[in-house]
Amino acid sequence: MTNVLLEARGVSKRFGGVVALKGIDLVQHQGETLGMIGPNGSGKTTFVNLISGHLKGNSGSIRFDGRSIEGRNPYQIAQAGLTRTYQAVRVFGELTVRENVGTALVDAPSALGQDGVRELADWLRIGHRFDARAGGLTLLEQRQVELLMRLVQRPKLIMLDEPVGGLSSVEVRVMIAILAELKSRCTIFVIEHTMKVIRELADKVVVLLAGEKLAEGPPADILADQRVIDRYLGNIDA
Amino acid sequence: MTDSSSTTSLSSDWKKIAGPLGAFTILAFAIPALLSGNRYLAFVAGITLIHIVWTSGMNLLYGYTGLMPLMFAGIAGISAYFAVDLTASGWSFWVALPVGALAASIAGTILGLPSLRLKGFYFTLCSLVIQTVITLGFVYFANLTNGDTGISQIPLPAAPGSGTISAPAFDLILAAAAVIGVVVLIAITRSALGKRLIAIREDDELAEMLGINVTRYKMTAFFIGSLFAGVGGALYAPYIGFISPRSFDVLISMNIWLMVAFGGRGTIWGPVAGAVILVPLSFLLQEYYTVKDVIYGLLIIAVIVLMPGGIASGLKRTTRATEPVAAGAAEQRGAK
Amino acid sequence: MLEIANLTVRYGAFLAVDQLTMNVAPGEIVGVVGPNGAGKSSIVKSVGGLVKPKAGSIMFDGRDLLTVPTHERINLGLSIVPEGRGLFPRMSVEENLIIGGDPLRDKARSARNIERCFELFPILKERRWQAAGTLSGGQQQMVAVSMGLMSDPRLLVLDEPSLGLAPIVIGEIGAALRTLGKTGLTVALFEQNAKLTCNVADRIYILASGCVQHHDRAEDLMKNPEILDHLM
Amino acid sequence: MSNANWILFLSTLSTGLILGSIFSLVAAGVTIVYGSIWMPNAANGQFFLLAALFGWTLTVSWGIHPAIAAILVIGVSVPLSYLLEVLLIKRFYDVPNRNISYFVLSLGITQILAGVFSLTYGQWSDQFQLPPLITGITFIGPFPIANNRLAVLALAIAILAGLFLLLRFHRYGRALRAVFQNRDAAALRGVNVKASYSMSFALGNAVIFAGGILFALAYSFDLTVAWTMAITAFAIMIIGGPGSVLGAVVIGMVFGFTQAIVSVVASPTIAAFSYLGAMLVILLFKPSGLFAK
């Protein structure tokens, strides 16, 4: 087995009296694409927020690349090589794409050089938009800029929060193609609320329901899992 | 994107700005010198130069970092009182100036801490409260500040030879301060620090996600911005010869903000122009003290009405906002 | 009942809805399926008055809706449950329902309607004093549908009621919609979830890139699932 | 307890109640406007002072009975609000982050009104005092209290109660809160959003004006009351939770009693310090306020 990249043990989070996550255990290996599914409000984004340091957990431990990262600030976690995107696309809208990328380079310890950035931009099919204002791009282009800004930092793990959200069906295919190629460059953790994307990309799937891990395994097994059917998928013909 | 390319783009940036900067330097020294025959006009020019130092600092915070501290004048006041008290107790003004400015920087950095937790309106409101507390403090610690009465007949600093420095010579020191202030601001905006501050202004959470230590750089911005406030404050006291809590109250903070917003925040020369227009205007209206308040109030409202979207979200270049795509995106957002 | 003709919606350069024509007859459940970005929400927002169409007409019971201000449309008998549910999260379930009934200006009728909603979704009766924002996603959707029913509408327009819900909960929402259909209520269901729509609707429009790609009775469409697969 | 202590206690109690209910009124007005149109109105103190000064002109200069003057003052707030809304407030209804624009705008209005007041009223007098609403004195035990102040207290509490019932149970109040929580959804449920904005702006200002005229009827005042009131109302709104009328009333009462007690044992300046301190602490650790849900 390859190296463990991300390891969460008993991660819990409460907001006031509401329990958002209950003792989540999760292991992701280097090079393994992990998908997380569950309905809205099941705690997927909360989980990513805990890992990336945007939220502090109430209990549990998180290790990344051999080191404990809980209690660290997002910038420290980012510099350690763990990056993420947001559910709603988020770029510096008033700045140009070039300035956006420049910002990503400024405090990344192992950032790419100029040639590497160009190569990545061309691979992401966004190189020709470098002088455009990021906020004026289409949603797909903004998602591509978002990926570019993460990848120029040469992260070890990228966590994608609903990467195809809001895209049209044609654009979804483009994005899935990009993500499929991305697998060879970087380890991916992807959140979706439908199985569609996960089925095509993920090696392993974690199902979250009401803050608890309902099941974990390869996509095919998950679809056949009786607990998942009973509590999440329901009778397919309903 | 590599270091070498960013240094080349840096030097070309400097070339682009060298012309205006040269012109500004010449004017900053020449105008007070040319006006030295008329002490009143030279004085107006000197006060304008002090305000250029202040607007540069406010611009760093408001224009480039996206923070709106309405306690800016209070911080300047801390430095002014410090420098005056130290000078009165026998220190050389030239030692008291950096000490006072440093004290203001440290105070400004500490008072800027709430900006780490509070966003937008809440931080601005908090800074207004802090400004009110500082003003009350100036009144309350009367043994240091002489309370509401204020400290008058503050002498100009001693000259290296003997006696005090002449007012026209002090004008040139103010010109130097204004030029240095603008050069420092240009240098910061062209540096990696500038990139980080702009990223924080645009979206601090995203900036932190990209590895930028937002806490550290917000504090850095406050330290430098407060240093500008402090240098201006320490120079202001002997130049005017009189300070009181009213010299550094919330109205002054508002007016410095107004000069930055009126001229165009997040640009180098806009706030300079704001000071050059509004400071002489306030002298023109000096005799109509209350009318001045009304006119400044109207100006504030005019600035807000003419750029309604830009106050909170930092720099919004108006030319860009009229692009059809951007307008469409705004409409889409509005529709949601 | 609802006639949309040549509707065009633009956001700046982006064409969201392109000369779309569709209609809903009294008593039927019409489904509009399409992927993200197909223009479903833009149509719903145009019908609701939250977006101004660039061209086309929307008639409701023979009346030109585009001349009616947003807030008056509910008085014509048109009730819209927007995408994202449109709840008032810090108010209780009951207060949300009361707001839904406010256009009636009839407290007794409003109270009767609340009881009817509780019959349709019994769980809401248990949660009636709870703040709507603290309910689960499925329960929030039930509140949203109930709120839409409170004003005794003749046409109920639903935008993506299945969004972000567990499949098992989507099934429950579908069952409730079928129950409503049997009472004779006219429903326009805008959905990404084709299965739910086929199970509920009498007639279906398939939408892509702001245009109607296909239009058929649900039964006929179900006989040729490959059409659905192909078009989506 | 000795008689002197009783009198001190009762006088503190009555001052606390009157100040508290007036603070509550002003803070409720500020919080309603913030809750509906998202405008943190820093000019509330100037509005408060405007009401008081207008009341003074009506009664002292023109000799109108204070009761009629009070009604006129509150009445005049409606066209004033309408004018402000049409000229300025309306422009920002669709601007994102409009709260900070509004905040600066209201600071501009503050500066204009302050200038106008010192230019006009500032020249006439330092202290302004209105004739009482009713005369006479009532004894509560050994403690005498002016009927006028009792009347002011009763009126303030009545207005607060009416406001509370309106917002909690009336269709209009529900609509106002609905617009605050989800503007588009409220429009779809038949709420006229723009009308609800206008009404809440007018209502909030009317309540602030009511606070101003009632304060002027109970106490003498000078021009500095404006800024003190503005800071106090903001502190109450922040601590009580922006948009929460209940929070404004509870914290307003607490502040009223604090002011009354601190003024007895220390000085009003210390009271101002304590508000600002409390506001800072709440701002830093719970910006949504104590009563936010």
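Letters A, B, C and D mark the chains in the order given here, with residues in each chain numbered from 1 onward.
To be clear about the criterion, a contact is a pair of C-beta atoms (placed from the backbone, for glycine too) under 8 Å apart; a residue touches a chain by one contact, two chains touch by 3 or more.
Worth saying up front: this structure is predicted, and the values here are computed from it rather than measured.
J.: Report the pair of chains linked by the most C-beta pairs in contact.
T.: B-D
J.: Specify the chain most distant from chain D by Cα centroid.
T.: For chain D, the chain whose C-alpha mean is farthest off is A.
J.: Using Cα averages as centroids, what's the distance between chain B and chain C in whole Å?
T.: Centre-to-centre distance between chain B and chain C: 54 Å.
J.: Just the number, please: Cα centre separation of chain A and chain C in whole Å.
T.: About 32 Å separates the centre of chain A from that of chain C.
J.: Quick one: chain C and chain D, Cα centre-to-centre, how many Å?
T.: 43
J.: Suppose each chain is reduced to the average of its Cα coordinates; what separation in Å results between chain A and chain B?
T.: About 41 Å, centre to centre.
J.: Of all residues in chain B, which are in touch with two or more distinct other chains?
T.: Residues 313, 325-326, 329 of chain B touch two or more partner chains.
J.: For chain D, write out the residues touching at least two other chains, lowest number first.
T.: 184 - these are the residues of chain D that touch more than one other chain.
J.: Residues of chain C touching chain D in their complex?
T.: 48-50, 69-75, 79-80, 82, 86-91, 95, 98-100, 102-103, 131, 147, 151
J.: Across the complex, what residues on chain A touch chain B?
T.: My answer: residues 52, 54, 73-75, 78-79, 83-84, 86, 90-95, 99, 101-109, 112-114, 117-118, 133, 135-136, 149, 152-153.
J.: Given the complex with chain C, which residues does chain D contribute to the contact?
T.: 171, 174-175, 177-178, 181-182, 184-193, 293
J.: Which residues of chain B touch chain A in the complex?
T.: Touch list, chain B to chain A: 1-2, 5-6, 192, 195-196, 198-199, 202-203, 205-215, 313-317, 320, 323, 325-326, 329.
J.: Spell out the residues on chain C that touch chain A in their complex, using ranges where they run on.
T.: 14, 35-38, 134, 136-138, 163-171, 174-175, 199, 208-209, 232
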